[in-house]
Structure formats: C-alpha cells, structure tokens
Amino acid sequence: MTAPLLQVVGLSKHYALKGGRSLRAVDGVDLSLHAGESLGLVGESGCGKSTVARLVLRLIPPSAGAIRFDGRDIAPLKEDALRPLRRDMQIVFQNPHSALNPRRTVFASVAEPLVVQGIADAASTQARVTDLLREVGLPESFLWRFPHELSGGQKQRVCIARALALAPKLLVLDEPTSALDVSVQAQILDFLQDLRGRLGLAYLFISHNLAVVRQVCDRVAVMYLGRIVEEGPVEAMFRAPRHPYTRALIASVLPPRPSGLPEAPLAGDVPNAADIPAGCRFAPRCPLRMDRCSRDDPALAGSDAHRVACWAA
Amino acid sequence: MSLALPRASFAQRHAASLRQWRFFAWSFGRSPSSMLGLAIVSAFLLVAAFGPWIAPYPLDAEGAMNLANRLKPPSAEHWFGTDEMGNDLFSRVVLATRTSLWVGLTIVGIAGAVGVPLGIAAGYFGGTARAVIMRVTDVFLSVPGLVLALAIVAALGPGILNGIVALSIVWWPGYVRLVEAKALALRNEPFVEAARAVGASDLRILAVHILPNCTSPIIVKASMDMGLAILAAASLGFVGLGAKPPAPEWGAMISVARTYMPNWWWYAVFPGFAIYLTVLGFNLFGDGLRDILDPKSNRG
Amino acid sequence: MNALLEIGGYRLAFDGFEGRAHVLDGIDLTVEEGETVGIVGETGCGKSVLARSVARLVEMPPGRVLGGGIRFAGQDVFAMDQRALARLRGHGVAMIFQDPMTYLNPVFSIGAQMVDVIRAHDRAEGKARRSRAAARAAAAELLGAVRLPDPGRLLDRYPHELSGGMRQRVLIAMALTGTPRLLVADEPTTALDVTIQAQVLRLIAELVAARGLTLMLISHDLGVIGALCRRVVVMYAGTIVEDATAETLFGAPRHPYTRGLLAAVPDLARPGHRALAIPGHIPNLLDPPPGCRFHPRCPLAIARCAVEKPLLREVDGRRVACHRAEEVAA
C-alpha cells in the first residue's frame, strides 16, 4: 500500500478557559486518507468534527499532534510556508449562503484562489473561471451574478468551483448538503461522486447524515466528544457497528417511511467538552457500561480495517 | 484588491448591481419618513452648493453694517427679518449652510478615517491589538463628548477650526466600536475562512472581504452623525468657542440672538429652525438607509 | 369526528420589490380533531406560511389574502377580534418552531417567562389570573410533563444554560400552558442532533396521545413525518399535490413530485438505492408556471399540464392533484 495522502496522528485542539480549565474540542484523533479515497467523519454537533476539518487545513493551529500531508508534517508550519500547500487542499462549507462574500460576483469569488496564488494571468483568468463554472454545471451567464441571486444549490456549486480552482488533491466537505433541499442534495451528491471519479480527488466528508455518508464514502469514522470511537469500511460499519454510540446513531436515523414511534436509544445530552468524563467519555450515556468503563479510557483497537474504542466490543 | 482581473462589458458586470440599486430605491421610496429625510438633506445640499446665488444679500453674510435696517421683523423684503447690524437673516442662514456642511463632512470624515481602520484592526486581529485599541476607545467614550470637546477647544483657543479638531477627536471612538463589532462577526464568516483556505493574506482579507461588508453600518452612522456633528459645532458656536460672529454660523447667530429674545424672536428662531431641520433630515435619512441596508430587511 | 381546522381555497401572496409572490395557491385542507397530519415539502413550498396562517401569524402587509379562508373550530380566523385571537393563540392553537432560542428571551429565567405566559393565558381565557406562586407551581408541573429533570431548579435557569433539546422541551411546555387543541410544530427537531431528535419526537408523540391533541407537523424530513404522522400532505410551490394516509403515501405515491421526493432521500436501510435528484429547480413564485406548477420538472408532463391547473381529486383512496394520477403506477 502506498503512503496515505493525509495522515493525522494524535491531533488535539484545546482551548484555555477561565479558571485553568480547558475545552478539549479535539482530543487525540488519528486518521488517514489515501489519494482518491472518501472518508466520512460523522458525529453530533460539538463532537469536534468541524474542528478536525479546520485543523487538517491548518486554518487553526493544533495544540498537539502531527498532520502529514503528502508526507510532510504541516502542523508546525507558519502561514507563509503553508500558502503554496493550500493549492492541494480546499474546503467546501455547510452553508453556501454565508460561504460567498455577498458583495462579490461569482466571477470574483471563483477567481480569488487563482489571484491569491498568482496562478493565472489577467487574460486567462476569465477563461479558467468559465471552465470551472462549466465543470460544476453552471452557465457562463452566472459570472457576473451576486450570491443573493442564486439558489442554495447554485451557490454550493459556485463554492465547489472555487474549491476546484486550484486543482486540489484533497477536498474537505463540511456538511456540504445539510443546508439544501433533498432534491438538490441528491444533485450535489451525484455531482460530487462523479467529480471524485473524474479528478481522482480525496474527500474528507463531514456529515451528521449517516444515509448520505453511506452513499458517498468508502470509509467512516465516528466521533464523540473530540475522539474517534469507531472507524472502518462503510459497509462493515453499517452492517455490523461495534461501538454502542455508533449503534445508537444508526438506530436514531428515521427511515423515509411510516416507522411508528422512534425509540430514543440514548438518554441525556452530550456532555460539555470542557468537562469530559473520566474513563470512557461515552460511559455516562452508554447502555453497555461496565465498572471498568468509568476508570480506563479505551483506545482505538482492532484489525487495521475496522477499529473500535470500547471495552465491551 | 483584485484590480488585475479582466473586465467584461460594463453592463454585463453591473447588471446585478443596478438591480440592487433599484431595489434600494424602491424600498427607500416606500417609507414616507425616509423620503422626507432625503428631501431635507437634498435641500440642505442644494442650499449649501448654491447659497451665494440664493441669498438675496450675499454681502450681509460677511457682516456688512446697515443700521437703518436693524432688527426688522420678517417681511417680503427680508423673509427672516434682520439682525442687530441690519443684515438680512435669510441670507445669513442660507450662507451658513455651507459652513455647516463643511464642518459636518470634515468631522465625520476625520472620525471615520481614524475610527474605521482602528475598528477593523481591533475586530479582525483580536488579541493585544484589540485590547489596546478598545481600552483607549473606552476611555474616550466614557467622557461626555461635548464636555471633552469644550475642554479641548478651551485649551486650543476658540475658533471654528479648533472646534472641528476638538469634535473630531471626540468623534472617532464611535466608529471604532461600530466597526470592531462588525469585523469581529465577519472574521468567522465562512467566506473569510474560505479566503484564508486559499492562502489570502490578512491585508487582502481586510480590503476585499471585511471592509466592503462593513460599509452599510458605516454609511448609516455617518449620515446620522452629519446631523449630530452640525449640532455639536453649533453648540460650540453658541457658547462662543466655535465660529465667531460675524462669520455666518447658526450656533454663533443664536448665541448673539438670545439677548434679543423674546421681542426680536425671529433672530433666534430662524437659525434654530435651520439646525433643527438639518439634524432631523439627516436622522430620518440615516434611519431610512438603515432600513434598506440592514441585511435582515433585504429580500431573502 | 369533528373538523377542527378547515382551510378552503386559501390563497396568500406577498407583495415585494419584484412584484407579487403567490406563495399559497388555493389550499384546501380539513383536519379532524385528533388527527396527526404531516405537511412535507421543500424550501418555498409554503408549508411554514400555511402553518403560521392557522394562528394568523403572517404579517399583513406584505402578506395579503387573495381568497378563501381558515376556520378553526368553526370560527373564521381572519374575522377574529384581538380578544378572540388571543384566545386562539395558545388556547386553541399552540406553535413550536425550529429554533427554540429565538422564542426564548435570553435575559429572563425560564420560570419568569413561563409564569408570564401562564398568567397571560389566564387572562386570555377570561379567568382570574393565578398568583405568581401558583403559576410557578403550574410551570414546574409542565416542565415535569415534558420530562425535564428537576423542574424546580430549572425554573431559575436561563435559556443559554440549557442544551438545544432542553430548550425545545421548555417551548413545548410553554405551548401546553393554554391547554391547546391543535399543536402546530414547524420543523421542531431540525436544529437538533439525531439522538436528541429521537427523544423530542417521542415526547411529542406521547403528549399528543395523552392529551388528545391534534398535531400538524411541518417538516422537510420524510423520516420525521413518517415517525409521527398518520396522514401526510405533500406541498409543492404553494399547492397541495397529494394528501393520503402515511401508508398509502409512502407505499404507493400517485403524484410524480411525491415519487421524486421519496426517490431523492438517501435511505440508510437500502444501501443499494442511490438517491435520485429531481431535475430543474423550484419555480419563481413571482411568475409561477401556468397549469400545474410542477410540470416543468415533471417526467410525465403532457401538453394539458402546461395549460390546465390540476385540482385535488379523489384517486385510489387519497387526494392528488395530477392529470395523470391514474397512470402513475402504484
């Protein structure tokens, strides 16, 4: 097997709080992503999945850990050293309505990466931007429109065009369809699938929607309170989930058909990331809790393909 | 800014902007009070621009003496009556408009030029820069503006220029506060993160993404401040620390006129009404601008 | 069975800069006492405006009723005076919304807000207002009814101290203060995580059953609708396109849009099933397509669809608005 495109080891992001406490948004995450692969990162709000996205792209500096991109650790790099590397990794945000500067035309937004990176000269920029729009299925007439004149799906396509402008190897997709209608979501998912096939992109696909992840990802990692609790091939994970939290997540998904009263598989709320329970962080909500769970913190273990952090698994 | 980019045809590029402007005009026109504000502000600007041609006795503004005519009540010949020197009050009120416009623009211009960059820097960079800028701003904001301005003019010596300097010094912190809050909110917008993800420098982000999205509240505040700055300058004139008679200035005129109240009421009433109307006009205009520029009231 | 809510020929438009947007175009819907009705559709289909219309919460202008009307328990909602309206909101119809934080005042404690609501309801119902202490006790009881732990202490906490799921429970408790007959829930769990969503949906279902409430649940999520509703109404671009029992609608949809919508949802239980997009996009309501509003995107459209607006009619045990409903394979 070749070296992964992205390898994250022991990644942490802690924020200091008043009174000497710290908020552990991301707390020791390991993951790897090969070129052309699509990895889903799922979890509920506040689990740290969006923070992982920002760390991987080095939009924020990590507190600890290594982020090897193309074999090079980018965790300690400063902004000037990162700038050339940014061509290879781009991001698409959840809410296309706020991901485009409302005062700039589609052309200006999509051309920005080219201008910033000094790639295209003035003459070729417009041709390149027109090509990018065509790539995402938008006509040339959109060049001079403003974001408020576009629908949600069209805005998201513009965001994807901007992310593709630098021909990246890795695309981080942070909930790319959760602000869109289902009929539009299906269009964007189709398009993203097709794009990956054609351009050989690697996706880090962040989502809370398991059905979407199952459709577009090769592997899935489940996050809970800043830590990955289970990771494996998408089919194995959904067919035979091993972590009780993964099972609860899957059980919570409501199928699009009459299903009767949903069972609430978990009681209580996710604890605060400033106050992570000792031992296994899922233990207070876990239906399979044993004595050991509130003492020892389980590490991600198992065969290379399917790993789980649980004493009961 | 992205000035190196090629330009398509002007109409193509600006079709969307034109639509946006038509929308602004439409929603502005739906509010009677905004339209009244616009009318007053327009009249104020026209009078300021064409004052010398409107005023029937332009020389009276310089402080000519015509004692035979002193303190005449309003008449067909002297619409606003005459003052204690026999000067035509209508001419003096009209010509003072230009002084007020100039005073207002200068104060707001200097306050914005100082306050906006500081506010943007404080909001975007945060950390120590923000702490220092905001604490200095707080010190200024914690002292009543006019009192501080009075103290400064008292130190510099009375005069219209010193009045402007003093008012500018007390005026900029408001802009820092306004822009800092806006920049702080914009800093975490996904489109700013997207710009950072492609490697845009801080300078570029500030110029292209932060500043243009701060302009709406700045314009609204500036238009309201025009009225308030004119009022403040007139107050300085009134207490004798601003413009000096016979230079035509509303506050200074009222200052002299108050000794002629109530028998020669017109002397104080007309300059006072001019101040009132101007401040009201800029406030209504600013309110109208806020209604159309506020993103929440935009169509969406 | 009694018709609790009767909406007949209801047409609503919004006047704006670009003209008049026809957001609801002849809505006919009768809800019987005790029904659980789900209203599903995508952005701009008019489902939220319809829900707000029931409690006359649509601002007019810019809104404008172009025709038809709404009757609640036999009374014309648009003819009500302020007193009757105050009684309707809360005592007749209670609403809960997507984002609970927007509907809670951040500077008052939960208890203070609930006491105010309880006393306001007393007044609206023409009863003597309870004392603050009695209202506080009633508030604690309601918080217990929505399964919030330790209601007594919760009353002294502030909205920002609660999680999203807890806030939504507080709003549900507040909605119950007036002992309403109809609960209108507009995307009540959209802002919540899936594990919390399951808890809140379960709570709503239990309250509806225990208190004999009629439920009108507005959602874009077919899973949420399928979990709670016995009857499903599908809306598209301001019209009702299909209205059937949940089994019929999910099992054998007759309207091409319903079919498209069902096919577009990725289904975790059917991994082989690839979500299919509906081509095109939702119409501009300023200038809606003539005839059937769905025809520009419809795979089965014929010439007639572009000319003649299909009316809701009975086909195969459900109401459907499609000229070709009989031909749509079950």
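Each chain carries a letter (A, B and C) given by its place in the written order, and its residues are counted from 1.
Convention: contacts are C-beta pairs under 8 Å (C-beta built on N, C-alpha and C of every residue); 3 or more make two chains touch, one makes a residue touch a chain.
Since we're looking at a predicted model, the values are computed, not measured.
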Notebook entry, point to check: From the centre of chain C, which chain's CA centre is farthest?
Noted result: B
Next item on the list: Identify the chain pair joined by the greatest number of C-beta pairs in contact.
Entry: A-C
Notebook entry, point to check: Where the centres are mean C-alpha positions, what is the separation of chain A from chain B, in Å?
Noted result: 48
Checklist line | Whole-Å separation of chain centres (CA-atom averages), chain A against chain C | finding: 32
Next item on the list: Any chance you could list the residues of chain A touching two or more other chains?
Entry: none
Notebook entry, point to check: Which chain B residues sit where two or more other chains touch them?
Noted result: 299
Item checked: Sites on chain C touched by chain B in the complex -> 16-18
Notebook entry, point to check: Given the complex with chain A, which residues does chain B contribute to the contact?
Noted result: 2, 4-6, 8, 12-17, 19-20, 189-191, 193-201, 204, 208-209, 212-213, 295, 298-300
Note to self: Can you tell me which positions in chain A touch chain C when the two form their complex?
What the structure shows: 44-45, 151-153, 181-187, 189-190, 208-212, 214-215, 235, 238, 248-267, 269-270
Next item on the list: Mind listing the chain C positions that touch chain A in their complex?
Entry: 42-43, 163, 165-166, 193-199, 201-202, 205, 220-224, 226-228, 246-247, 250-251, 260-262, 264-269, 271, 274-278, 281-282
Next item on the list: Could you please specify the touching residues of chain B with respect to chain C in the complex?
Entry: 23, 26-27, 299
